[in-house]
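Alright, structures below, take your time with them.
Two complexes come next, and they have one chain in common, subunit A, joined by subunit B in the first and subunit C in the second.
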Partner chain A sequence: MILNEKKHGDIDVVELTGRFAMANFSDVRDRLKSIIEEGEGKLVIDMEKVTFIDSSACAVLISAYKGMQLREGRLVIVTSSIVQSLIELTRLHTIFDISPSQAAALLTFDES
Partner chain B sequence: MVLSNTQTVNPVTLKITSSVDCVSPLGEAIQVLCLYETGSESFANDVQRAVVEALNNVILHAYHNHEGHDIVVQWKREDNRIRIDITDYGLSMSALPPPKLPNFEAESGRGWWIINACCDDYYYKVEEFIKRDRMYKENGQNEYSEQIVVNSHSNVLTLIKYF
Partner chain C sequence: MDVIIFADREGQELLPLTDQTCVALLPLAGKLILEHTLEALVDVGIKKVHIILSPFADQVKLKLGDGMRWGLTLTYSTSRGEESTLQEFLKLQIPLAFPFLMLRGDVIRSGSVKDFIEQAELLAAPCVQALYGGENAYMLLCRNAADLDFDTLNWNNSISLAKTAVDVVGHVSRIDSLAAFHQANLDAAARRLDTLLIPGRETALGLTQGRNTEVYPQNIKQGIALIGSNCHIHPSVELIGEVVIGDHVIIDKRATIESSVILPHTYVGELIELRNAIVRGNDLIRVDNGSILKISDTFLLADLTTTYFNTGLGPFFNRTAGLFLLTLSLPFWFLALGLVLTQNPSKPFLVKRLRGNKIVLNDFGVPERTEFSAVELNVTPPVLRYLPRVFAVVNGDLNLMGSLPVSLEVAKKRLEEWERLADQAPSGLFGPTQLNVPAGASEEEILMSDSVYATQVNRRTNLRYLFLSIQALISSKAWTH
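Presenting the complex of A and B:
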């Protein structure tokens, strides 16, 4: 799993690549926690290049979502088809703000 | 291109240690075997999901995240279905957890939901290997005393999916 961080203005963008599963969930969770605490309340988690996701990765996404809510911030996630299908299977798509691409995700912050 | 399988690779047995780092390679191996046998990516992805969740459960709950214990996974094609037996030698479950989705806020408890959704059937078996001593004493009543000791055990989760 590769985690790449960047900034678009005041928006934090975290790009994940590879398998997002129990073997790396604590590293990703800790990194996201720091980004949320230090950020401006705007976060995109881009999983377009994630090739597999399990329930422990879902836990990390929920943790990030709750962290953003506590800060009255907003989290937008970008999914690959395999990520999207698990998010739908676990019905998290009814809660998460999901965009089809990173560019579209960034645009949603302009609209809000 | 779809290749017809003239030779089946049946069954395949894989063994890993109880480390989370071993789960992904095994999950990918199972995905590839299913894809080879069925040609269906969605089928292979579903099976991989179920197997990964089952292995995570074994490592977390049967082995309490302690590394160095064996997990044996047997993949097998049986007619129009794939059967996977996941065997561990750790703490047994007393019952299969219900496949319920937890509240959204909960950060765990989705594994069995995923297994249930990605398989057509699954069951769990605890096999105990016992030593039974039966002692007879001549007292005219044909009575005996018995001592049973469980020497070892294994837990087998079987996952089945039809194609």
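Presenting the complex of A and C:
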């Protein structure tokens, strides 16, 4: 799992690549937690290049979502087809703001 | 012409009908509400449709598939539900050829889509809204994505807002209440929504029925009945006024059904009189006075699809497996006893109240899972700590394989659709959460692990977890951690 962070103005973008699973979920969870605490309340988690995701990774996404809610911020998730499948299977699409690409995700912040 | 259908209504206004499905999948005169929209599009030669879904998206995809049966190519995306149509459109990023059509798939419209498109194409406006009989038909023909009147597609907006509109003959039902749902069904049965394609064949005056249905002309006392497939209506049943009966419905002797809608998989008992009602399983909804009753007596009304964890051969297998495990574990009880007496003689065990798999009806007649007392020995090795839970398997409170048992308090905090997914799996002694999720894990981790298990549970996965459980039982972690 590779975690790459960058900023687009006041929007934090976290790009995840590879397998997002129990083996590395605590690293990602801790990193996301500090980004949420230090950020401006705008976060994009780009998982377009994630090749595998499991239930513990979904738990990390929920924690990030709840963290952003507490700060009255906004989290947008970019999914690959594998990630999208698990998110739909677990019905998390009813709470997550999902965009098909990073560009579209950034655009939604402009519109709002 | 490309088409985008919004079918993302959450349907709070239609509860309890939408507690297990979404508005687009509610039955209307023998078909799903969304099917009526698809058929109207097929009628004008549409080939490609993209559908935006939210609650119960998996169910919609399962029911509609790739759209081949209509000659359509269906693609899907999801949203959080009832988001602004502008936001949803911006997130789509699918290549669209102009002009394209955007419409709602969770309302009912009776009118010619062809007439609207033909008239709208004559206008030069970038965006033309459809009105059917002066009402917002939740349909836009778009020529320019930069200048769209998205608000007209928000389902709770019935007022015409677009700069340009075309009014064609027809009618729109927003299905915005239980009474509206009831009325739309009766209107469709009585052919007042004349462009809808109603399934079945007319076998007697006023009687339209589906295949494999047993119904008799004398059942119709006066009025119109639309009856689905695989139904059994006793010859002594009286159908009065406009009546819609879904697929797989059984109506027993001398029942009287007047101006009512019976949803699929429902049993209506002997001598029952229903008037101005919607019946779904054992839910009785009176649309004239707004009362919603849950009938617990299955001789009166019953849901023919209800399945519980503890039915069939499952409990027998689980209890037998529990007895076998108990026998195998006998030597370990002495070991556990010895450890308890040396480690914690003053407090040898703990008792927790957990939710089991036995089902009882609560005071309101709603089936609920019961609590049981789960004893834990106050020792360190997990195998010995949870040894008494084998008795819960023998009792039928737990399955051998299942989700992590939680307390009723924890279960009651799970309110949202995604949180309640885990409840679809029975609680078990072993399972993926018990095996893989470490002690002290967050509630989210436990919930997600059990949710994924609930969506995948079958004999094969249970066998795999049984094998992994045996491996775990003989691992050093199970005895030392």
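Note that in this section the second predicted complex is superposed on the first by the 112 of 112 C-alpha atoms of A that agree within 3 Å, B and C clash if a C-alpha of one lies under 4 Å from a C-alpha of the other, contacts with A are read in each partner's own complex, and residues count from 1 in each chain.
One rule holds for everything that comes next: a residue touches a chain if its C-beta (ideal position, glycine included) is under 8 Å from a C-beta of that chain, and two chains touch if they have at least 3 such contacts.
Being a predicted model, the structure only gives us computed values, none of them experimental.
Aligning the two structures on subunit A places subunit B and subunit C in clashing positions. After overlaying the two complexes on the shared chain, residue contacts for A:Leu86 are found with subunit B and with subunit C alike.
Within the superposed three-chain model, A:Ser55 lies in touch with subunit B and with subunit C [touch as defined at top]. Of the two partners, subunit B and subunit C, it is C that touches more residues of subunit A. Touch criterion met: A:Asp97 reaches subunit C, while subunit B stays clear of it.
In the superposition on chain A, A:Ala21 contacts subunit B only, with no contact to subunit C. With both structures placed on the common chain, the touch criterion links A:Leu107 to subunit C but leaves subunit B unconnected. In the superposed model, A:Ser63 lies in contact with both subunit B and subunit C. Steric collision with subunit C, judged by C-alpha atoms after aligning on chain A, is confined to one stretch of subunit B among 26-34, 44-52, 116-124 or 134-142, namely 116-124. In the superposition on chain A, subunit A positions 22, 54-56, 58-59, 62-63, 66, 86, 89-92, 95 are in contact with subunit B in one complex as well as with subunit C in the other. Per the touch definition, subunit A reaches subunit C in the complex via residues 22, 54-56, 58-60, 62-63, 66, 84, 86-101, 104, 107-108, 111-112. Residues of subunit C that touch subunit A in their complex: 54-55, 57-58, 77-81, 86-87, 90-93, 416-418, 421, 432, 436-437, 442, 444-445, 447-449, 451-452, 455. Chain contact summary for the complex, subunit A toward subunit B: residues 19, 21-23, 52, 54-56, 58-59, 62-63, 66, 82, 85-86, 89-92, 95.
Looking at the complex, you find that subunit B touches subunit A at residues 20-21, 23-24, 27-28, 45, 48-49, 52-53, 56, 59, 101, 104-108, 110-111, 113-114, 117-118.
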